[in-house]
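Below you'll find the structures, each written out as structure tokens.
Okay, so chain A shows up in both of these, paired with chain B first and chain C after.
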Partner chain A sequence: MYLKEKWSSKVNEMSKYSQVFKISLQDEFVYRLNFVLWRLRNVFSIFLVFFLWDSIFSVQDRVIFGYDRVKILTYIFALMFVKAIVFASKTMDVTGEIARGDLSNSLLKPLDYFKYWLTRDVASKTLNLSFALVETTLLFLILKPPFFLQNNLISILLFIVSLLIAVALYFLILFIVSSSAFWVPEMGWAIHFIITIVILEFLSGSLFPLDVLPKPIFSILSFTPFYYLIFFPIEVYLGKISGGEAVRGILISFVWVVILYLLMRSIWQKGLKVYQAYGR
Partner chain B sequence: MKFPIKLLNIKTIVKRTGYYLKIWVLMSRNALLVVLSQRFMFIIFLLAKIIRYSFFISFLYFVVKGTNTIAGYDLNQVILIYLTFTFIDIASQFLYREVYRFRPLIISGDFDLVLVKPVSALFRVLMGGADIIDFVLIPPIIFAIWFIGAKMDPSFIQVILYVLLLANGLLIATGFYILVLSFGILTFEVDHTAMIFRDMASLGRLPIEVYRQPLRSFLTFLIPLGVMITLPSRVLMGIISPLSVVGSCALGIVFLYFSTKIWSFALTKYTSASS
Partner chain C sequence: MTKTENTVIIKGLTKNFDVRFKEAGLAGSIKSLIKPKNIVKRALKGISFTVSRGELIGFIGPNGAGKTTTLKILSGLLYPTNGFVQVLGFNPWEKKPEFLKNISLVMGQKNQLWWDLPAIESLKLNRAIYEISQKDFTERLNKLTDLLDVGNLLSTQVRKLSLGQRMRLEFVTALIHEPEILFLDEPTIGLDVIAQQKVRDFIYEYNLKNRATILLTSHNMNDLLDLTKRVIVIDSGEILYDGYLSELVRSFAKEKIIKVYLAKESDIKKFETIGKIIKLDLPYVSLSVPRESAAVAASEILQSFAVADLTIEEEPIEGVIRRVFKGEMVKQS
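Now for the complex of A and B:
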């Protein structure tokens, strides 16, 4: 009887979040042109890095920074895919919810606030990923780059694990940064701009492979969570990081997930205590 | 009989220029006051921009250090092209920040209030709010251009032509922002089109020779990035013919003329919805 009730409540909860998922997906389609133009912007950002590396590796058999032509162009194409999974997120909007006082509405609903945003993120990632796959295929047909297809099952498995950890890391980072709106509501967007747009873009490897940087800087970066967002999963896919090194990386990134999770909970609890529902 | 009319026209033009300059100073002062009321935010955005530019320059530095050249350009030349791009980007952001506030005007129908004022509507929505953050960055960028440019040992004529082509690049950017505004009236979409233009323009951060055909031709003729950014830099490097300079300036003027015509057309399609 107890198990039946527990199962039924689990099903109810699942159905709640599946509704959130559906609504979020529909929400993305309200401003269709907006979405399509945003995707177009992603393609442009890939053009710059693709042609830069294409030009550098136009000389046959050239190996620079440990990459040959095939691996570097695969890195660029993998960027589209990995960025769509990791960086597609709605959690940045939490800042606005706090600043406008809309958080009060959300807190009154019978929903877990974190699960709610995680579900919205999953919807956003699903949509972005499907568009990224189409874009990648089209660009692949147009640009005809050489592509490295990983056939080692362990590397693929490690790549998937590292990707899931990257998603969790990004979600936690966004929530922590968004929490700043509890203390400085009008500054939320500015703080997001400097951390999640400027610093993360550069230090995550979404502009270029991080091993282009001098060794000391690269080594320091490998101990930060940024390293595990984009660069690490792609390197694992390419097989440049494999075996024990890949497992070690996954462990470090997992430790970061735990640290950021605890930090987020603590900041969130403190934030709720100072929250005054401005604008409500 | 013709001479006095021309004189009158010049007098009117000077008077109108003074009138618009006065309005621009007034609007910019208001925009400055808004920024100063949020000083901490101003510092964060300024810092973010400085970090972004520094990051990209260091990226170029490390790449060229490993590869020696990019598309045949050495480190100083690559950085000069990037700085030229940055100058045009920052200067146009400083002057035309108001473009990003155009969408609410169109959606709410408040653009009516702009149209009835005795000021050019285009001037108001294009230059109505200068961005002080970008203004602060202009002097250091000019200094950096001077510092890197001096290493190429340019002649006085080359420097003059560089400045002329820089102004021409700004003219083309102006044309693009006018097209974005026109597109805004026709489709209610401004922010992303402006950002798409900036994304396309950002391809100019690298020498145009990096891009493969037909993208290179597209960027040279349709989105004249080559004319806006690479060409001025090539003048300073001393690898360009005077004929190209004349052709580029002609292209800039024709492009601006064409964009104002599109703007006039878009105005006829404004429906004053929601007002």
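Now for the complex of A and C:
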């Protein structure tokens, strides 16, 4: 009897968030043109980065920071894919929800706000990923870059794990940064801009491979969560980080997931106490 | 299990807000950024009251009196600074699912409907969130859309609806889980007279049929006159009056209104010696006179003028309330 109840509550829980998933997708589809343009922008930025690096390495056998033409172009193609998964997120909107007081709508319902946004995030990623797959294939056919297809199963497995951790890390960082709106609602976007756009882009390896940085800085970075957002998963995929080193990295990043989760919970609890449910 | 008759219990509730103090202008903004100065705003200064199941209570008070703050604390949105709060036997702040499933807060200026999608999608989402069976959902949806006359609007994109249509759909969405307690904050704000009436009729029906407890704030006197028996008058975070609306008028209306229909032209000046002329639209004259001397004033009028008709009426409720807030009413002990 008890088991049956427990089971049915699990089913209800599932249907709750699957409905959130559905409505999120529908909501994204309302602005179809917007979405297409956003994807188009991605494609253009890839072209740009691709040709930039391609021309830098156009001189035969040029090697910069240990990267030759093949390696850097491979990095860039992997980057595009990993970025589409990790950085495609709606969670930045949490800032606005707190500042405008729309958070109240969710707080009034038997709904876990954290799971709600996680679901919305997954919906957004699903959509972006399916587009990214098509784009990558097309660009691959057009640009014919030298690309390295990983065929080591262990590397692929480690890559998937590191990718999931990267998604969790990014989600948690966004949630924590968004909570600043509880205290300084008018500065929410500025803080987002500085942290999630400038710092994260720079330190995660989404502008350049992190190992071009001086060794000491690189070593310090490898103990921060940023390192595990983009750079680490790519290197694991490319097989440059493997075996014990990869496992060590996954452990460090997992510890960061736990730390950030606890931090997020405690910040959120404090934030709710000062929440003023604005909007009136 | 015995159900507590008191659905809402509040004792000595206080709520303080930290408000960042900001001087006017750009210089002020920069100053507050560098050296933030917080001032404490005391929104509620220790209020107490209880509400029984099935009651429909109106909150009256000027802007910033603490009405909305009270509703937000009762629905668990705000963390009370001090005091005891219990709703349906729960501490609202804990946001237990069994509590949340039985309340709803509707704000006239906030919406939960997904702006870019038809309302039916928001409703389906609520069906899943509140774990409503398909059968109950269809039944309630039909009932609610009938009552509010919005059945044909369910599949229109919300952004394309008028304010009145949207507000009624907000009600459907907020009530699809049939809450036992309903908190309404300015439910008729911005609506035209017909839409207001529809919403009012609906609130009345819902209260009656479901024996739901309803707490309502409104600046619209018609809302209160039509719907509520008991009112709580609140100002600057303190309760000034808690009791029947009719009682409020009876004990605090200091004046009566004498309306006269003159049979023939006469010297209007003389009215001024009897009472205060509040409306002059010959042959009609309206006078306001002290309550205790109303009879004397009336007989004086009848002797001095050729009167076709004369009535003595209570002061309109707006006037009474206005005076309450001007501080003419002493806080009840």
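One rule holds for everything that comes next: the second predicted complex is superposed on the first by the 270 of 280 C-alpha atoms of A that agree within 3 Å, B and C clash if a C-alpha of one lies under 4 Å from a C-alpha of the other, contacts with A are read in each partner's own complex, and residues count from 1 in each chain.
Here is the rule we go by: contacts are C-beta pairs under 8 Å (C-beta built on N, C-alpha and C of every residue); 3 or more make two chains touch, one makes a residue touch a chain.
Treat the numbers as computed from the prediction; the structure is a model and nothing was measured.
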Touched partner set for A:Phe202, first chain B, second chain C, both or neither: first
Which of chain B and chain C A:Gln26 touches, first, second, both or neither: second
Which superposed partner A:Pro146 touches (first chain B, second chain C, both, neither): neither
Which of chain B and chain C A:Lys273 touches, first, second, both or neither: second
First (chain B), second (chain C), both or neither touched by A:Gly66: neither
Which superposed partner A:Leu107 touches (first chain B, second chain C, both, neither): second
Chain B versus chain C as contact partner of A:Gly243, first or second or both or neither: neither
Residue numbers on chain C that touch chain A, as the complex places them: 17-18, 68, 72, 75-79, 95, 97, 100-101, 103-105, 107, 109-110, 112, 114, 116-117, 121-122, 124-131, 185
Chain A residues within the chain C interface of the complex: 12, 15-16, 18-20, 23, 26-27, 30-31, 101-102, 104-105, 107-111, 272-277, 279-280
Residue numbers on chain A that touch chain B, as the complex places them: 33-34, 37-38, 40-41, 44-45, 47-48, 51-52, 54-56, 64-65, 143, 184, 186-187, 190-191, 193-194, 197-199, 202, 207-208, 212-214
Of all residues in chain B, those that touch chain A in their complex: 38, 40-41, 44-45, 47-48, 51-52, 55, 59, 62-63, 66-67, 70-71, 187, 189, 192-193, 195-196, 199-200, 202-203, 205-206, 209-212, 215
